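Structures given as structure tokens follow.
In the two complexes that follow, chain A is the common piece, with chain B as its partner first and chain C second.
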Partner chain A sequence: MSILLYCVVLKSGLRQPSSGVAGLPVSCSECNDVVALFSKGASAEAWTGAPLRESAQEFHRALQQVFTGGAIIPFRFPTLMKDEEELWAYLQENSALYSSSLQRFESSVQMEAVISYSDLTSGTAVKTSGTEYLRSRQKHSEELHVIANKLRDCAGDVARDWRERSVQNTLRLFALLDRNSVSEFKDRLRGFGVPAGLTVRVTGPWPVTEFLELNKI
Partner chain B sequence: MKIQDSAHSESPSSPPVGPGGRIDCSPENIEQGLAKLVLGLIELLRQLLERQAIRRMQGGSLTDAQVEEMGESLMKLEAKVHELAEHFGLTPADLNLDLGPLGSLLEK
Partner chain C sequence: MHRAMAPVFLCFAGFLIIMSTQGTLIFSDTSGGDQISLVDILDHVLNQGVILRGNLIISLAGVDLVYVGLDVILTSVETALRHIAATSQPPRQAT
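What follows is the complex of A and B.
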């Protein structure tokens, strides 16, 4: 027997999802003012067996239902624990940190902008020399950062904070904003002129995972 | 510019899912499973080395000859990883291993 963890939420903002992964009921474990949501399963294989994508989508749907009610700190899928006792012990140890993070970001959400080259071969085209190869990688990285800065300017003061993650030919930009500013954020970015050869995909609102100090949890 | 609501897209914090992200070590697929693991780790190291090389190049601590040498090595290594991946029926995306609760091996 194992349990699948969904997220941690403040007790005051709890919105119970109708069902979890594999249609199983979602249960709660409370500790002080935080609640952890989980589903009981027969074995770990029940969560990770095929089709995994379907299970992950069900997991995501359950999280979204809770997230509409307020801030959540999601667990990655699939995070498993042995039983409720193990979860309760974990919550006892970490509830204060979860509580302070959830209160700090109670009315906040995260938006994500992925800036990438629309032509996937642009970064891997045959280069004639090693110097040319490295210079082209450097140039791509700099171009992405220029666009990221323009996006930040375009969003203006709607976003309270930013984080970014750089990968090959892609830059992920995360904006922290108030839950009620999502429409304004989208409207502002809708008018952003994306340069030729690049694509910008904006998604959200999401839980503020990039702004949490998870290393402490 | 594409703007999508979260209700219609995958969570950004979710690791890649589906058979592509997992290692299949069943007797029929042991070669491909091992290739995915080994090549995924090599690609991780290659990307780290490449970032470091770019940083050092920007910092001016490399001579022109060193930049050329490092660039050529990284370029050839990338081509070789892709060639070997293709040999085992893998795409570059398959090398981004799903580490479950830890996320994915390479940044997405």
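What follows is the complex of A and C.
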């Protein structure tokens, strides 16, 4: 027997999903003011028998049902523990940190803007030398950061905070905003002039994972 | 002579795509399973959120074969967990 963890949520904002991965029921484990959601399975086969993408989608749907009710701190899929006792012990040790993070971001969501070159070969064209290649990478990186700054300006004060991550020739921007400001955020970005050759893809709202201090949990 | 063109709004497979003579702006949300790409879902469920660091032991016939760091196995978790499911020892990710 092992259990699959979904997320931690404040007890007051709990909206229990109808079912979890592989159609398994979702159970709760409470500790102080936080609740951890999990599914019990006879074996790991219960959630790995299906292709990973199906299980991941079911996991995502379960998280989304809870997330519509309030802030969540998701576990990465698949996070497994031996049994409820192990989960209980873990919660006892960490519930205060989870609680403070959930309260801090209770009404917040995260939006993501992925800025990339429309032409996949733009940043990876063969260069004659390593130096040239590195200069090209630096130039693309600088261009993406210029666009990122313009995009931040376009969003204005709707976003309370930002994080960013560079992955090869892509820049990922994460905006922290109030749950009620998602429409306004999108409206503002609709007026953003994306430069030629670039694509900006906006997704969300997501749980505020980029803004959590996960290393403390 | 250059003439400014109005942007074209397309709705394709649940995505709102704004195309102009310049770059492309795409909006998608997470409200429905059909309206968000599988790539986004996989990225978020596999790469975002709490990770409980620890080691995972792959055993066969009661013999511990491989010790791997949790971060390492995420990309091949399906295969790893199938190996584990075949044994009596449940997989663990614990601190």
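Keep in mind that, in the parts below, the second predicted complex is superposed on the first by the 214 of 217 C-alpha atoms of A that agree within 3 Å, B and C clash if a C-alpha of one lies under 4 Å from a C-alpha of the other, contacts with A are read in each partner's own complex, and residues count from 1 in each chain.
Going forward, a residue touches a chain if its C-beta (ideal position, glycine included) is under 8 Å from a C-beta of that chain, and two chains touch if they have at least 3 such contacts.
Remember, predicted model here, so these are calculated numbers, not experimental data.
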| item | value |
| --- | --- |
| Chain B versus chain C as contact partner of A:Q138, first or second or both or neither | first |
| Touching partner for A:P78 - first (chain B), second (chain C), both, neither | both |
| Which of chain B and chain C A:G204 touches, first, second, both or neither | both |
| Which superposed partner A:N180 touches (first chain B, second chain C, both, neither) | neither |
| Partner chain in contact with A:S2 - chain B first, chain C second, else both or neither | second |
| Which superposed partner A:G130 touches (first chain B, second chain C, both, neither) | first |
| Partner chain in contact with A:P195 - chain B first, chain C second, else both or neither | second |
| Doubly contacted residues of chain A, that is, touched by chain B and again by chain C | 48, 52-53, 56-57, 59-60, 63-64, 74-79, 186, 189-190, 192, 194, 199-207, 209 |
| Touching residues (chain side chain C, partner chain A) in the complex | 18, 20-31, 33, 36, 38, 40-42, 44-52, 74, 77-78, 81-82, 84-85, 90-95 |
| Contacting residues of chain A [partner chain C, same complex] | 1-2, 7-8, 43-45, 48, 51-53, 56-57, 59-61, 63-64, 73-82, 86, 90, 118, 186, 189-190, 192-207, 209-210, 212, 214, 217 |
| Chain A partner contacts - residues on chain B that touch it in the complex | 1-7, 9-15, 17-19, 22, 47, 50, 53-54, 57-58, 64, 67-75, 78, 82, 100-103, 106-108 |
| Complex interface listing, chain A residues touching chain B | 48, 50, 52-53, 55-57, 59-60, 63-64, 67, 74-79, 110, 112, 124, 127, 129-135, 137-138, 141, 165-168, 170, 172, 186, 189-190, 192, 194, 199-207, 209 |
